[in-house]
Amino acid sequence: MADDWQPPAVLAEFAQLDHDRGPRRGYPEAIYCEGKTPAQVAAIAVEIRTRGGSTLFTRATPDHAKAVLAELPDAAYDQDARMLAWPPEPPSAVGGRVVVLCAGTSDLAVAREALLTARHLGRESELVVDVGVAGLHRVLGKLELLSSARVIVVVAGMDGALPSVVAGLVTAPVVAVPTSVGYGAAFGGLAPLLSMLNSCSPGVAVVNIDNGYGAGHLAAQIAAPA
Amino acid sequence: MADDWQPPAVLAEFAQLDHDRGPRRGYPEAIYCEGKTPAQVAAIAVEIRTRGGSTLFTRATPDHAKAVLAELPDAAYDQDARMLAWPPEPPSAVGGRVVVLCAGTSDLAVAREALLTARHLGRESELVVDVGVAGLHRVLGKLELLSSARVIVVVAGMDGALPSVVAGLVTAPVVAVPTSVGYGAAFGGLAPLLSMLNSCSPGVAVVNIDNGYGAGHLAAQIAAPA
Amino acid sequence: MADDWQPPAVLAEFAQLDHDRGPRRGYPEAIYCEGKTPAQVAAIAVEIRTRGGSTLFTRATPDHAKAVLAELPDAAYDQDARMLAWPPEPPSAVGGRVVVLCAGTSDLAVAREALLTARHLGRESELVVDVGVAGLHRVLGKLELLSSARVIVVVAGMDGALPSVVAGLVTAPVVAVPTSVGYGAAFGGLAPLLSMLNSCSPGVAVVNIDNGYGAGHLAAQIAAPA
Amino acid sequence: MADDWQPPAVLAEFAQLDHDRGPRRGYPEAIYCEGKTPAQVAAIAVEIRTRGGSTLFTRATPDHAKAVLAELPDAAYDQDARMLAWPPEPPSAVGGRVVVLCAGTSDLAVAREALLTARHLGRESELVVDVGVAGLHRVLGKLELLSSARVIVVVAGMDGALPSVVAGLVTAPVVAVPTSVGYGAAFGGLAPLLSMLNSCSPGVAVVNIDNGYGAGHLAAQIAAPA
Amino acid sequence: MADDWQPPAVLAEFAQLDHDRGPRRGYPEAIYCEGKTPAQVAAIAVEIRTRGGSTLFTRATPDHAKAVLAELPDAAYDQDARMLAWPPEPPSAVGGRVVVLCAGTSDLAVAREALLTARHLGRESELVVDVGVAGLHRVLGKLELLSSARVIVVVAGMDGALPSVVAGLVTAPVVAVPTSVGYGAAFGGLAPLLSMLNSCSPGVAVVNIDNGYGAGHLAAQIAAPA
Amino acid sequence: MADDWQPPAVLAEFAQLDHDRGPRRGYPEAIYCEGKTPAQVAAIAVEIRTRGGSTLFTRATPDHAKAVLAELPDAAYDQDARMLAWPPEPPSAVGGRVVVLCAGTSDLAVAREALLTARHLGRESELVVDVGVAGLHRVLGKLELLSSARVIVVVAGMDGALPSVVAGLVTAPVVAVPTSVGYGAAFGGLAPLLSMLNSCSPGVAVVNIDNGYGAGHLAAQIAAPA
Amino acid sequence: MADDWQPPAVLAEFAQLDHDRGPRRGYPEAIYCEGKTPAQVAAIAVEIRTRGGSTLFTRATPDHAKAVLAELPDAAYDQDARMLAWPPEPPSAVGGRVVVLCAGTSDLAVAREALLTARHLGRESELVVDVGVAGLHRVLGKLELLSSARVIVVVAGMDGALPSVVAGLVTAPVVAVPTSVGYGAAFGGLAPLLSMLNSCSPGVAVVNIDNGYGAGHLAAQIAAPA
Amino acid sequence: MADDWQPPAVLAEFAQLDHDRGPRRGYPEAIYCEGKTPAQVAAIAVEIRTRGGSTLFTRATPDHAKAVLAELPDAAYDQDARMLAWPPEPPSAVGGRVVVLCAGTSDLAVAREALLTARHLGRESELVVDVGVAGLHRVLGKLELLSSARVIVVVAGMDGALPSVVAGLVTAPVVAVPTSVGYGAAFGGLAPLLSMLNSCSPGVAVVNIDNGYGAGHLAAQIAAPA
């Protein structure tokens, strides 16, 4: 039996880390764990430990997390957000404030991914939970906080109506993240995605379904110091 | 040349009017003009004049309208709503109040179709225009009127967010009508349709895209006297 | 290892219950369990026990149910409908009658969810099973019951044809619930959803796929006492 | 200016007629006019006149018709069905009866295309108009005729519910033709197409949207003499 | 704990068998097992044993099968086709011949479901495997058998090209069954479904994705004795 | 003939201008002309002339433009961008620089709409044309300009690949606008929309198809002075 | 009236021709006319006349053609393929033979676009018309020609079955071009597109719907001399 | 219990191997394992051992692999690519070079399937990993290798932008393989599929989602010796 082909775990055979990304783009690299084996993620962790430089690991299953923590034992791990951060402490915050709104409890994991990403990219970030439009007084009660934000991330599934409502109330741009939460006709997040793209309030920037990392990164860029 | 086949204009060859519908369902018949020739619509108008009984003609182009008015000269015609009503005066209103909300000016034709349908089916009906969620104070300023309604029809395109917001504020059921208004990713009304089906506020009844007639009919049934 | 981030189970960190909803909307709150952890649902149950007020828990897995019953031991649990009700007894029925029709056995769980919701929101409710249009005599045999209804909920998968047939026979409005039952081209409920939205009979109100709770809530509102 | 390339009108440069089709399949050829220039259709008509053999021209615009009639002046032309038949008289009917049901007036053109196709392929064929399920008594009043059919063609737009109802009442197979008639969420015929494919009554054969020709051809094959 | 609601297993609470279907439609009833509990299927089996009359159980998992066989121990069970038949022997064959073609091995389960259905509904039926168009000689080598058929069922996934090729070669109508086999852009059977609906050869009747039962039933109707 | 219903042209009957928007959001109102009659747009122009305050008219046909210019004769009109601005001169630029990239000539109208919107909302804005990825040297030759931007708007149809490439090269956030340009499988802009939502480079904010106005507005917010 | 913004017709304001493309890629530039004004296309023609180098203009309306021919009067224009070539004579053919198959007459314009593109990029090219799979003998009669090809372009609408059949018969790769021809469920070419992507014969390369230019270009590359 | 129907494992009952394919098409047969039982795959392996001739087994689960290796113990098995090759050594390479580019680590399994297929069909093949456009320098650093290729296979998920970038840089045709990797709005590979079909660079040949085998086969045909 000739069974010598195996999923490669030697870094050069499956990945070229983008060493240049920090200098070039101003933000550290992130490792998207989905579709990588734990062994591959571990090999990347070794490289990061060696090279230095801060890194986020996103979409990390518990097995991915275990593999990373074996190499970077002090990395911070958020099970809910499926994210690891190394070094564990975020840098000192500079630039404007990022406020993350979460429409329902079911959207919380994605909202936390956005929150932690923005924090680890150097922004002061705050999370407000369960402020869906079905009870409008909840978001209207947060107007002062919203006015203090340089950018607002709004995470919502179902009808995806919250970003339109929020964008209509404030000066800051809104980063809208549709989630895959909901009954059948949400079609895995298609409903809030389309709703957000069609916002009747200008100033809504849409990212991919469940993409808390992308939202946090975009928010960090928008709130960057001038 | 054997050219004897022609689009039929003799009533029996293209339609069987549902004479029984008034008694059976309690609401008069409506003639959907799209896909019928003006001559066919005229033949139906003749039948209605002969038989008596009130009727609505929906989705009527100016040519359809002209054909109907030639046979039923006192029919009421609303160009914007593409609707004719005969007899022209609605019956005396009974039952609860129907309030029709229109998110934007572009949704007005559909909103008027709903309004006129509900009125001609015997309900007191009122229209409020241009109360989209981008300027939330506009709809919040109508809370008293909304509280007086037995049912609220909400007509909206784009993000279709208004029904969720309204349903979260009132006791009455909301009939939501998506419209085909908007930029490309509205996909002809798909975006607000999905948004409304996924409303995070319970109590939202969805009808077809641009179907003001269906919304008005449903509202009339909901607001019918007990 | 810095592993201090965990899915929050302290109520204020993941949810803001809509205390105002009962007074504002006239119907008690419901807790959508999907996407919440059992610990989160338990925390909500504690709050409800403390605060009083009736509540429904929808889309509850057995693990969710176990967590709720640990805090609210006399809550009523319907495994099939994936619903818990507290207090377990519905209020005395007022308003009109809700009749729930179920096209096939596979739609039964959703139909029961609608039935129980309407009952716990205070309406007299009755269920008729397995009356799909493939054997038309079954629904035609129920005309008397249908005529007594203030609103009819019709639950159907596959072709979603039953609401059109029923709406054509009665005065009452029909709340149509598509289900995700069927062969491949049902596309998870898309086929009956579109069918219902395109009903050739006016008077059909459509809700989300498999959304028995939403249908029951809407029916309760429509059948509310004047 | 080198402008010598032109849409070809010499038969051999744009078409190879399937001379063998009559003998091989037992049914004469049909010419699909959409996408052909009138000059191309005329060239085909000349070939048919020369070679003999009966032919149908489908999806013929008035310009196509004019071009055909210039070459085959006694061809029968049905403007509504957009079809020409040559020779103009159908052959003597053999085999079983084809009954064509048309749900609404707007579906009539497609229904006539099916009717005429079946007739010109040698079947006794009958048309019943405007028997949509919104007024169920209309189709139930035709049960005797339906029972006499070897195959029933059902043409319907909107919810596409009629084939399921009919198939549940009879022994004969049903050929279902979705039409592109309806409000926005019909999505050009997608709604009735999916509805028909998901019929809860076995015995429904679906053809393409608005494809009256295909339905008539299939019906003729099903009703062929044994 | 009030836990008295359970998925019902008493026949009258979840199903109304269509006793009239055999007489009315000429074909025995079939029980669609998907979405029913084994206990429910067992209750139906008891009813069938009591009442007599032949029945097919489709989409039966091993658990469903076990439940049926406990009540109808001599029922015939085909694991691959997920079907049970009772009585186990098909009736004597009458009418024309049904030939079932299977494009690839992966389509075999669906093809067998069609084959067995047609046989149990009383038709002589034959299966030809693995005759996809990638090796055209395989289907061309079966022309004699194809010519002997009153109807041909063609089961194919991927490009769904086989029905067009077969329909172009024979007089008999073709029943086309798309399957959910294939790479990603097959989208669960959408690709062959659309391909079959758009067949360039007239005479193709399409049924639902993976619906071998529906195809076998339709074929049995088409091949019924005159 | 009772023909007294007409599309309303009295402002209060079809629109409620959002007077509060400037103070509340910091950006002036825009009038979306699509779905409004020229008479309605003219009535709005009168109101704006009376009230003062700057305004953009978007999606203006030549007829809309004519109606606006009759009331606001010095408004600036860009036929290509289908936009009118009043007052015609943009305010003095503050905040960061907006660079608009246009992938192909066919995307130019949308790019100009973005450019003019950002300018009229007070940002220094610059346009670079025809820098699609098929000739990568064109965009690579603009790196210096790109590095000077606070935000980059990228307008692209077809594969929508340009935003990913640009975002990978710079620090600034990218606002991506899909256009409806392209061959059939672009499906009216769906292809670049999905491509942009799935960008492998973080930092891409997506807006609606062909929504140059929305992109310019969002860019102005992102580049606002701190 | 400040009406100074106009669709730009000065080359540098709307386009950057890819001068480097010939040397870099080995194939001359093509100008996609859709979305460009005739004046813009004329400006490009002037540039090409000045600079030299061969060019194709694709998707050219008669107005585009007129504008090009005014500047490049000896350009070759094919109305059917909507293409202009300059210089009008193709270069001497080198490399392998390209055979273009056209399934039906309605696909001819796209097939000609592929044919002319391959020729003007320097390949010997031949066209075979109307060889759809409904009459299989037509394509089987061309096996010798097909065997002589280095690459075969297959243009087909409807079921898109021809590429699978052809690829199964030959050694050469097949470039498949879906067309937007067909009845409703072809959904503008989606049906043949999916069919071709799911070909059960390996060796099928798919390009965009109606993209004859792309197919001809790809074929020229595949058949390039080694 | 009549339980005599079982998934067939005797070759003739489920498959007809295409013995003629090698001679006819010039490339050996491949066995698509998905949808076949291990027993069926084993029966095919026996036939291949007996008959001789090289074969690839694609989409092989570990169970399929075990079954094949029991019959063909020296077959080469690549777990990652889910492929077995027999004989294990590829033939000597002839024709041009195939270069396979892999956009991200998550696309590696598909890229390896393409690589191994091309090698086993007789082409020199090379793999370059992790060269997505987010870090453009990675692919630009490989220009020399790309220039040496007769054909380039590009495997990418998410935005599918890499094929457009690569095709714009080289003379060789590009075979683009979308993968199902990515966040929700990738819709199982739909996003990169559409992106690749709409490439703004001519010369991109698209195959099915995740279809590494098809890409490798097509590349081998394109790079075949003249």
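The chains carry the letters A, B, C, D, E, F, G and H, assigned in the order they are written, with residues numbered from 1 in each.
Please note the rule applied: contacts are C-beta pairs under 8 Å (C-beta built on N, C-alpha and C of every residue); 3 or more make two chains touch, one makes a residue touch a chain.
For clarity, every value in this text was computed on a predicted model and none was experimentally measured.
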item	value
Chain pair with more C-beta contacts, A-B versus A-C	A-B
Pair from A-C, B-C or A-B with over half of its contact pairs in common with C-E	A-C
Mean-CA-position distance for subunit D and subunit C (Å)	44
Length of the line joining the C-alpha centres of subunit A and subunit D, rounded to whole Å	55
Rounded Å distance, subunit D centre to subunit G centre (Cα mean)	33
Per-residue overlap in subunit A, given as positions that touch at least 2 other chains	104, 134-135, 168-169, 182-183, 185-187, 190, 193, 197-198, 208, 214
Footprint of subunit D on subunit G - complex, ascending	69, 73-81, 88, 104-109, 112, 116, 129-131, 134-135, 137-138, 181-187
Subunit D-touching residues of subunit B, taken from the complex the two chains share	1-8, 13-16, 18, 20-21, 32, 34-36, 40, 178, 180, 188-190, 193, 208-211, 214
List of subunit E residues in touch with subunit G within their complex	103-104, 132-136, 157-161, 164-165, 167-169, 182-183, 185-187, 190-192, 194-201
Of all residues in subunit D, those that touch subunit E in their complex	24-27, 30, 96, 150, 168-173, 175, 193, 197-198, 202-208, 213-214, 217-218, 221-222, 224-226
